[in-house]
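Chain lettering (A, B, C and D) follows the sequence in which the chains are written, and residue indices restart at 1 in each chain.
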Amino acid sequence: MSSVAHAAHSTRPIANTRSATGMATGKLAVWWVVASEVVIFGGLLASYVMHRLAHDAWSVQAAHTNTWIGAFNTMVLLTSSLSAVLAHQAAEHGDGRKASNLLWATIAGAATFLVVKAFEWTEEITHGFTITSSTFWSFYYTAAGLHATHVFAGAILMAFVAVSARKNLELHRVELIGIYWHFVDIVWIFLFPLLYIAK
Amino acid sequence: MWTPLLEHLVPEASTYARDLDRLVDLIFYLVGFWFVLSEAVFFWLLWRFRKREGHKAEYYDGSEWKIKRWVTYPHLIVLVFDVIIIVGAVRVWYEIKQYLPPAEQTVRVIAQQWAWTFVHPGADGQIDTADDIATVDELHLVVGTKYHYKLEARDVLHSFGVPAFRLKQDAIPGRVVTGWFEPTKTGTYDLQCVEICGIGHGLMSARIIVETKEQHAAWVAQHSTVAVASNSGARATGE
Amino acid sequence: MAEHVAPAHHEAHAHHEESWVRKYLFSTDHKIIAMQYMFTGMAMGLIGAYFAYVFRMQLAFPGISVPGFGLVSPAKYNALVTNHGSIMIFWVAMPVLLAAFGNYLIPLMIGCDDMVFPKINRLSYQIFLISALVLVASFFVPGGGFGGAWTSYPPLSAKGQYNLTPLGSTMWLVAVGLEFVAFLLGGINFITTAMNSRAPGMKLYDVPMVVWMIVVASILFMCSVGPLLAGAIMLFMDQNLGTAFFDPDRGGDPVLWQHLFWFFGHPEVYVVLLPTVGIVAEIITVFARKKLFAYRTVLYTVFGTGVLSFTVWAHHQFIAGVDPRMAHIFTVTTLLISIPIAEMMFIYIATLYGGSISFPTPMLWALSFIATFLIGGVTGIFLGASGADIYFHDSYFVLAHFHYTFFPITIIGFYAGFTYWFPKMFGKMMNETLGKIHFWGTAIPVNFIFIPLFITGAMGQHRRIYNYENFPDLANNPLFWQLSHIATIATVVMLAFQVVFFINLFVSLRSGKKAPKNPWLANTLEWTTESPPPHGNWAELPRVYRGPYEYSVPGRKQDYWPQNEPA
Amino acid sequence: MSEHAEHAQHAPINYVRIWGILVALLVVSVAGPMLGIKTVTLITAFGIACVKAYLVAKNFMHINLEQRFVTYVIVTVVVFMFLFFAGVAPDVMKDEGSGWVKPAWKAAAAAAPSVHGGPSH
């Protein structure tokens, strides 16, 4: 019995290989993850938007955010999404090596994004705009911070996928991490105007 | 007109108390009917179709109208009952919470951990004037007068709950909530804080004293002088 | 906590021969994980029950030194009621009904060997266990456990100087947050498994009702918990970083939290209700030997309830300072939700018609769920109706109402499912006599706990007050004290009878008679494998030929027709 | 694997072109506010955000190639969020309602320096 139990750690259960919906199990799960993430960010952004609309005065605060840095980071994420989807394309053609390289490119994008953000925040904090300066800044750091954690987590997961993809293993995961990554991108697509453009 | 059930438990001491009690009765009898009926049917079925030798269960897939109607009709009637209840509920709600008759008097109710401060108009009958009378945990009202209350909280959520008035309203920090009531019976009633507000929540009781015009005038006369003192006392309890 | 969980594992240990550390703590087998969830939930349930005993004693006999606890200070009282509520919902109802039964039943009932993601499944339990440990630890930190009610309304929960339990409230929040993450992981597993891994031949309408219900519950949870997770992050920052999301003086709004909370909080009711409703469906069909009356209609009522449950949340806030005009909308939606639920109950009752009903312990539990839940259901109308809610809000009437829903859901539902699947889980039959004693000793006293509380609530007794002697109108009313005493004594009696359950549990495990594959002559797939099922559940995974409720089909000698039996 | 099959029967997407469009849209959304017309800002900011989100979801996430219910699920949760907003806004978005006011907010608004813009009204 123990040997069987032990085997379960390594082998994949038959359940995982079935596909009654006609969709690969992993992809089905990822879409559910995306759905649950939508409500997490949705709740936060809905709260932010109604406060933002309630307090005209916040636009004074918002004026201090740096649109150019925000735009640059948007650019970075869009590009990383491109490399992610190209990685998926490569994986579909069974080219694990290329997929892996493109994933590493995406991870590089994530790193750039986080580094830029780090500098941006340092800048703002040194100018005295801390998370407690006003509720606008609270939302600013909370929303961007929550998004940044998703970027970070995504990059870590992607590294694992990239490593196995290089050995042509688990290539279907390239698409799964990609879907998650594009979702993170979409979140930023909305955060950018909400936090930077609307002044 | 029958005495509503709630009045057997708590006296009705405000103008809208009776309407609310009638609504409660309405709901009680409507849902009570369904409750008794379904339980009766339920237990009857259990007895009627208990396992007996030589009796095999019947086979229905839910399409048989002769049984299905016993589900469909009731559930349409439930819909009708729901509509009746909604109408009643909305009317009472509108009367108590949404509609605001012009005030004959206004009192300020200030909740804080863990005491109630009440600011009564002084001899001039106006609130927010020099001769206001502030008291702690004791609200003096004149019977048969339309009151507006202006409810505030200093620190956390509290709730202004007066069972006898059938009135309840949370006090929200950062908001001033205005509502109304009109006491109809002289006497002394409980005021409870109904929203948990920290370790003193259980101590946060107050008394509401509904008096006749004369009694109230006498009370005002005797308190208008000490207003400031008791007022500052009230502040002190909070901080 | 540890000493609570340990017996669970020793117990399981007694029946398999080898180091339980790897097998029972780090197993990825859905059955083991189900057991972990179940016994952790039961352990937490004991804690919650103990809390209930303590504060019921304090309420009936204010100021006494409660045997087994001591004096109940206001701070302790608040912590007790707060954590009783949190534990019973987040650490008992959800792990036991959703996670334990979900983990155990979904793979077995849809005929596959495990969850689709066994390791995520294990991770979800481990996170859940950590959350439970964090919560229990919070009782012992300086200042004591959090005492701001399970709804945790700011500013009380947000500021240490208000709740006086700065550490306790943060740990409570972290524990709840971790618990949510655990159930998101578990929920994704449940949904994906049920959607994708059904046995060949099993169409959507061949899926047993309990699986449907658990999946819908997981979806409801997943779609509703997000805003509260976001809110938890905001509240955490308010507590620890000095932000002001919920501080009105600095541009926040405390009412926002109430919305974030109840947008989750109301669907949550159905998250725990649905699994029990499903369990009851399985049991009454088996013991009435009847096909579930109108399978699809039940399904539609579930979907209807699920969607509606997202539109009613503010009925918890009628008098909480929300705009009065909104109350009208929420009253309408709230009362509308009674339609699908009523329909569902009617169908269950109709299922009994023409049956051949026997009354073993699981059936008694299932039937008592219907009988008891009806009370909870109808009393909800008083609270959904905005006008009447002005009087009842936050009174003991509310408390009695939701205990009349949550008790049947959590406790009765658990016992129903546990006694019904016990033979499958442990390969032994449970003792019927002890089972029936335990049943009557639970199902009768519970009414003597909560019926009196309906009345005291109608008398104007309000919640979370440690001592009513400060409220003359109540304190001078002898009826109030009589009712309080009845409720407390009934609580003690009911809790005492739970001992019978544990005796029964251990007696049956040690010397219960061996359970056959299919002791109840049921149709669903879990009964076609060994009791208990081996790792991998079946030597050869089953194939499905028909729906789960083909009982007493005309023209068949047998009055049941297993799903996997070729036509 | 099944999803590969799904893709096969669809014309391959030129991902770089999509990326180009997204970048172009980004430029517009940055340029928009420079006109200083609030309505224009709103459209360029949020209208374009929606377009971008749609493009990414369709072309990068291939949501349209998935089973239909995936779209339904995502749309449903988004709708729930709007529902949430609609239910909460009357309390949180206003500083005055039927029977209540938020003095602190009113005071803050009054004290605030003269406002230039902001997406509201």
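As a convention for this text, a residue touches a chain if its C-beta (ideal position, glycine included) is under 8 Å from a C-beta of that chain, and two chains touch if they have at least 3 such contacts.
These numbers come from a predicted model, not from an experiment.
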{"item": "Contact-richer chain pair (by C-beta pairs counted) among B-D and B-C", "value": "B-C"}
{"item": "Euclidean distance of C-alpha centroids - subunit B vs subunit D, Å", "value": "42"}
{"item": "Averaged-CA centre spacing for the pair subunit C and subunit A, given as whole angstrom", "value": "34"}
{"item": "Euclidean distance of C-alpha centroids - subunit A vs subunit B, Å", "value": "48"}
{"item": "Subunit C residues counted as touching two or more neighbouring chains", "value": "223-224, 226-227, 248-249, 251, 253, 255-256, 263, 321, 324-325"}
{"item": "Numbers and ranges of subunit B residues touching at least 2 other chains", "value": "97-98, 172, 174-175, 177"}
{"item": "Touching two or more other chains - residues of subunit A", "value": "19, 21, 23, 32, 35, 38-39, 42-43, 46-47, 50-51, 55"}
{"item": "Pairwise chain contacts, counting only pairs that touch as defined", "value": "A-C, A-D, B-C, B-D, C-D"}
{"item": "Subunit D residues touching subunit C - in the complex, by the definition given at the top", "value": "76-77, 80, 83-84, 87-88, 90-92, 94, 97-100, 102, 104-105, 108"}
{"item": "Contact footprint of subunit C on subunit B as seen in their complex", "value": "5-6, 9-10, 19-20, 23-24, 27-28, 30-32, 34-35, 38-39, 41-43, 45-46, 49-52, 55-63, 67-68, 70-71, 74-75, 78-79, 82, 85-86, 88-93, 96-98, 113, 155-157, 159, 161, 163-164, 166-175, 177, 188-190, 192, 194-203, 205, 207"}
{"item": "Residue numbers on subunit D that touch subunit B, as the complex places them", "value": "98-105"}
{"item": "Complex interface listing, subunit C residues touching subunit D", "value": "223-224, 226-227, 248-249, 251, 253, 255-256, 259, 263, 310-311, 313-314, 321-326, 330"}
{"item": "Subunit B residues within the subunit D interface of the complex", "value": "97-98, 100, 172, 174-179"}
